[in-house]
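The same chain A turns up in both complexes below, where it pairs with chain B and then with chain C.
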Partner chain A sequence: MTPVISGPTGKELLNAGVKTSVDEACLPVKVFLGHCLTLRNRCDCFLVPRLVNINRKDYICPKFMGLPEMTKQAVGKQPLVIWKSEKNCALGSPQAVPAALRQGFSARRIKKGLQKAEAAFHTYHRLLQQGLFPAEAEQVLGGGAPPAREKNGRRIGLIGHPYCLYDPFLNLGTVNLLHRYGFAVLTPEYFPPRQIEDELQILAKPLFWTMSQRIFGAFRLLCKEKVDGIVYLSAFACGPEALTGELVKREAKALGLPLLHLVLDEHSGEAGLVTRIEAFIDLLQRKRRFSCV
Partner chain B sequence: MRLTFPHMGLLSLPVETLLNGLGHEAVPAPPTNKRTFELGAKYSPEGACLPFKINLGNFIEALELGAEGILMGGGLGPCRFGYYAQVQQRILADLGFRFQMFLLEPLGGERQELYRTLQMLLAKVPVFQAMAAFRLACRKIRWVDRGNALLRSMLPRSKDRVKAQRSYERFLGAMREEKTPEKFGAHYRELEGELRADLWPEAEPPLRVKIIGEIYMVLEPRVNFHLEMLLGEMGVEVVRAMSVSQWVEEHLFGFFYPHHRRRTVLLSGPFLPSFVGGHGRETIAEMVDAGVNRLDGVIQVLPFTCMPEIVAQSIAPAVSATYRLPCLTLVLDEHSAEAGVLTRLEAFVDLLRRRRAVRTEAGRVPSGVPG
Partner chain C sequence: MEDGVYLGVDVGSVSTNLVVMEPGGRISKKVYLRTEGNPIASVQKAFREVAPEFAGVKVLGVGVTGSGRQLIGAITGADVIKNEITAQGVAALQAYPEVRTVLEIGGQDSKIILIENGVAVDFGMNTVCAAGTGSFLDQQAHRLNLSIAEFGQIALRSKNPVRIAGRCSVFAESDMIHKQQMGHSLEDIVAGLCAALVRNYLNNVAKGKEIRPPVLFQGGVAANAGIKRAFEQELGHQVMVPEYYDTMGAWGCALLAQEERAAYGKSRFRGFQLTEEEIRVSGFECVDCPNRCEVVEVKIDQRPLAGWGDRCGKWQRINAEATG
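Coming up: the complex of A and B.
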């Protein structure tokens, strides 16, 4: 079997995704379907995850649970292979591997393969916790040198779902912009999961979305780290973010921490985004100057 | 304690009975109105779904009337409803209201929270009286739902539709006041007599349309622009499986009524083999049911940004094609206007009428058979 991987997100891909999905779907689903459509003529079948939950007691989000069906609707006849993760069937376990992929391999070989994958996954996450971004971490994993960044000690937090933070097309290069201004950018993946879990204890009822937990926990950790400010990137029509965002906003207001909440969708224009981020950075600098005096 | 609760269609009737029976004072919010929409939309997060906003508006209006406690449902996710109460509590507290929030969490969720709520609810009266109050509320909602179903089937057939609706309003008013179970049946029979008194002689069965979708939007007529009445006035019989009593059976006493869940899993299996939260799976199951029973069409109602229903909406075309079942999706939020909804409904009903006429003219049996 040869895996075929779709390329980076682009305008055409996004438009194709927007066309094929229902209007109300959120941006990431549209992008996902766009990626599927670009692969349609290049592969025999799709491997689609059905991420019900990756931790006990919490879910990813309903759209991830129905992702295979939505994909089927978009790509038509092409067969789907569903990689399912559920309460009693973790993503890395041998029984989670779809039967179609397992065929013809011994149990030992599958187990070995999964171990290898897990080791790579852990190394990758360790690199992210050192403050690298996914593209840079992949470079390092491939044997390259970690990129050097100029440092002036100013740090800014960037929170949101991973697909918003790490896809430069979706967030219109926000990360690069912040780097250009000389900020060190801290994301939720910078913090070890254990620390994030500890931060969630203050909630009266645990959040039942894994990603929202990560966002909220990272937000509190960023406050403790005393970053200059936080940029919150969210996707339009994202369900969990509507409620988590409100909690984060109210918390930030209570703590007096500058927060910029940007909502991304397929109509976002770079100019509008850049203006707002620049204005936010100006405010941060002003705040810094006045609090020094 | 003066307790309030969110509105959802006919839910206020049994809950009021229950709370009063338990020795508390029920303070129902004023029926959802324009101000509720405004308050809800003003103080809620922008991206939250419509039920969240309306609930919040209800709470604000009830707290202004002097409610001291809020009784609210909980959930285990992944639907956002499970986290409504926590965010609403935060918003209301920041607005300066003083109140207590009591959550009815499902078993398997926050046990302490459920325990605290039950302790508060049952503190005033002995257990046998509480049981009686609960039984009374259950019976009341059953009869009310039955009356509602009767109206839905009679309205398109009756000569004077305004009068039929008035009889129904009177029935609801009488049921709301009733404190004992003896006369529930009598009120129902009275309504039945009034409705049956003036019917058109049956020439041709009216169009039958099923309403599916998110439970709040389906059940709350003040939010879905009285969809059922509008359709009834157009001469369409509205069918729906969803009701407050059915919800109680399925979600509170699912253990005793396992057939609801089995039916959903069985019907939705070929199209959506996984749970997607909320009523996503039920929507698909009901749509399949409508197709199998050869209904004329389905209308899916959902609040804007509802996650489970968007999954269902994406799959709906497949079901629609398989059973040749016309489907109209209405996505509503606080900016929706009645005229827009009405136009779409009229167009949809015209389409269904034409479809039926063409089929009978061609001498074909109106079929929903796949293939």
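Coming up: the complex of A and C.
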């Protein structure tokens, strides 16, 4: 069995995804379906996980729960294997591995394979916690050298769902733009999960969504890190973000921390997005320059 | 102080403005033209208007802003290409150093800039919807058979403005027709429209922002006395309109060109002859990768001058070789 992986997001892919998905789907789901469609003629079967929760008391967004069904709708007749957790066994446990993938492998090999995958997952996340971006971490995992990072430069926080932050097509190259202006960019993946959890204690009531927790926790940590400002990228029509966005906005206002909230949309209004980011960076730079004088 | 002038150009969707500024910030000439969908021709026209007077004067720096800033920046050889928000904010601070809130309403977009201790600290901008902008007023004035210039004065005559739904310009239009059929007077409807625009602006662009005096109101729509009064009624304090309310963006980028003069030294300005050049812009879809970027290429007298629109930077590199 050979895994086939889709390439980077592009205009054609997005258009294909938008065309096949239901109206209510958010932009990232449309992108996901676009990726599936580009693979349609290159693979025999799709493997899609059903993510419900990864922690005991919080949930991944419901769109993820429906991802296998939406994929089925999009790819048509092609067979679909769903990787899902069963009662009393987590997604990563050997019992959860779908039967279609188990064929021809002993229980021992399956267990070993899972352990290897988990180890790679942890190594990858350790690299992200050193401030690397996913593409850079992949390079390092493949044997490349880690990129040099300036330690004492100006820093900006970038928060949002990982699929918005790390897809340069979706966010119109926001990360590159910030780097070009000489900012080091810190994202939620920079912080160890335990630190993020500690930050959530101040909430009167726990947040329902795992991703919202990570965004809010990372936001608080970024404030403590004394970054110059924070950019919040959210996807158009994202339900959980309507709430998290408001929480973050209020907190930023109370702290007097510059915050730019950008909503990503399929209409790719690049000019508008770039104008806002440029104006935000000017604001940070002028603030620094004139308050030093 | 060095002899010469700074030029500021603001190329918006509706109007194109050019200011000639003396070192220090005084405006010696301003030109306000309609863009009419052709930014290049309107900029050439604007330069033609100032050329006779200033052709012999040394240009110390050029700043451009507005949605067409990249295009016009390439054509004029601008030293500073800035976004509209920064430019508007800088001009507002020059006009009133103590200003704390800037309301700006232009043709297609509107903004709010919050200022503390002489530095912008926050801003807001309208999203894709143009319901709270000048084009909304333009449309409604047209429907009422009024020129946009009369609009404000008529609104001021109203004693009892009617309430018009302002959330969306489509709703506003049907609501307005309904009020007309009910027999409300023209001035009450016009004043109602002004109030609707202001409500829309405050609920969208300025949502969640604290508006503290002194408040400055600028942009093309600031000419409309009806809107100014509606703002004052809604906010409960005085709203000031600066002298150069319609060319604040152009002035702001001229000021920025002056501020950053030390960084670029000699101006890259291509000279007033740019009004006579044949400038062609062509667009094509680059098919080298699945991104399918829409690339724009500018040619002056058939020489390629600049290109942009690509995500990978390939066409921008060619641009640097051609000019540098």
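Convention: the second predicted complex is superposed on the first by the 284 of 293 C-alpha atoms of A that agree within 3 Å, B and C clash if a C-alpha of one lies under 4 Å from a C-alpha of the other, contacts with A are read in each partner's own complex, and residues count from 1 in each chain.
The criterion applied here is as follows: contacts are C-beta pairs under 8 Å (C-beta built on N, C-alpha and C of every residue); 3 or more make two chains touch, one makes a residue touch a chain.
No experiment lies behind these values; they were computed from the predicted model shown.
Colleague: Which partner does A:216 contact after superposing on A: first (chain B), second (chain C), both, neither?
Modeller: After superposition on chain A, A:216 lies in contact with neither partner.
Colleague: Which touches a greater number of chain A residues, chain B or chain C?
Modeller: Between chain B and chain C, B touches the greater number of residues in chain A.
Colleague: Is A:46 in contact with chain B, with chain C, with both, or with neither (first, second, both, neither)?
Modeller: neither
Colleague: Is A:287 in contact with chain B, with chain C, with both, or with neither (first, second, both, neither)?
Modeller: After superposition on chain A, A:287 lies in contact with chain C alone.
Colleague: Where does A:133 make contact in the superposed view: on chain B (first), on chain C (second), on both, or on neither?
Modeller: After superposing on A, A:133 lies clear of both chain B and chain C.
Colleague: Per the contact definition in the header, classify A:70: touching chain B only (first), chain C only (second), both, or neither.
Modeller: Touch partner of A:70: chain B, not chain C.
Colleague: Tell me the contact category for A:166 with respect to chain B and chain C: first, second, both or neither.
Modeller: It touches nothing on chain B or chain C.
Colleague: Could you say whether A:258 touches chain B, chain C, both of them, or neither, answering first, second, both or neither?
Modeller: second
Colleague: So, A:275: does it touch chain B (first), chain C (second), both, or neither?
Modeller: A:275: touches chain C, not chain B.
Colleague: Which chain A residues come up in both lists, the one for chain B and the one for chain C?
Modeller: In chain A, positions 249, 263 sit in both the chain B and chain C interfaces.
Colleague: Give the list of chain C residues in touch with chain A in this complex.
Modeller: 67, 82-86, 117-123, 125, 127-128, 208, 289-293, 311
Colleague: Going by the contact rule set out above, which residues of chain B touch chain A in the complex?
Modeller: On the chain B side, the touching residues are 45-49, 74, 76-80, 82-87, 90-91, 94, 110, 113, 271-272, 274-278, 280, 302, 304-308, 310-315, 317-318, 331.
Colleague: Mind pulling up the chain A residues that touch chain C in the complex?
Modeller: 7, 10-13, 168-169, 172-173, 249, 253, 256, 258, 263, 267, 269, 271-272, 274-276, 278-280, 282-283, 286-287, 290-291
Colleague: Looking at the complex, which residues from chain A come into contact with chain B?
Modeller: 21-22, 24-26, 50, 52, 58-63, 65-66, 68-70, 72-73, 203-205, 207-209, 236-243, 245-247, 249-250, 263
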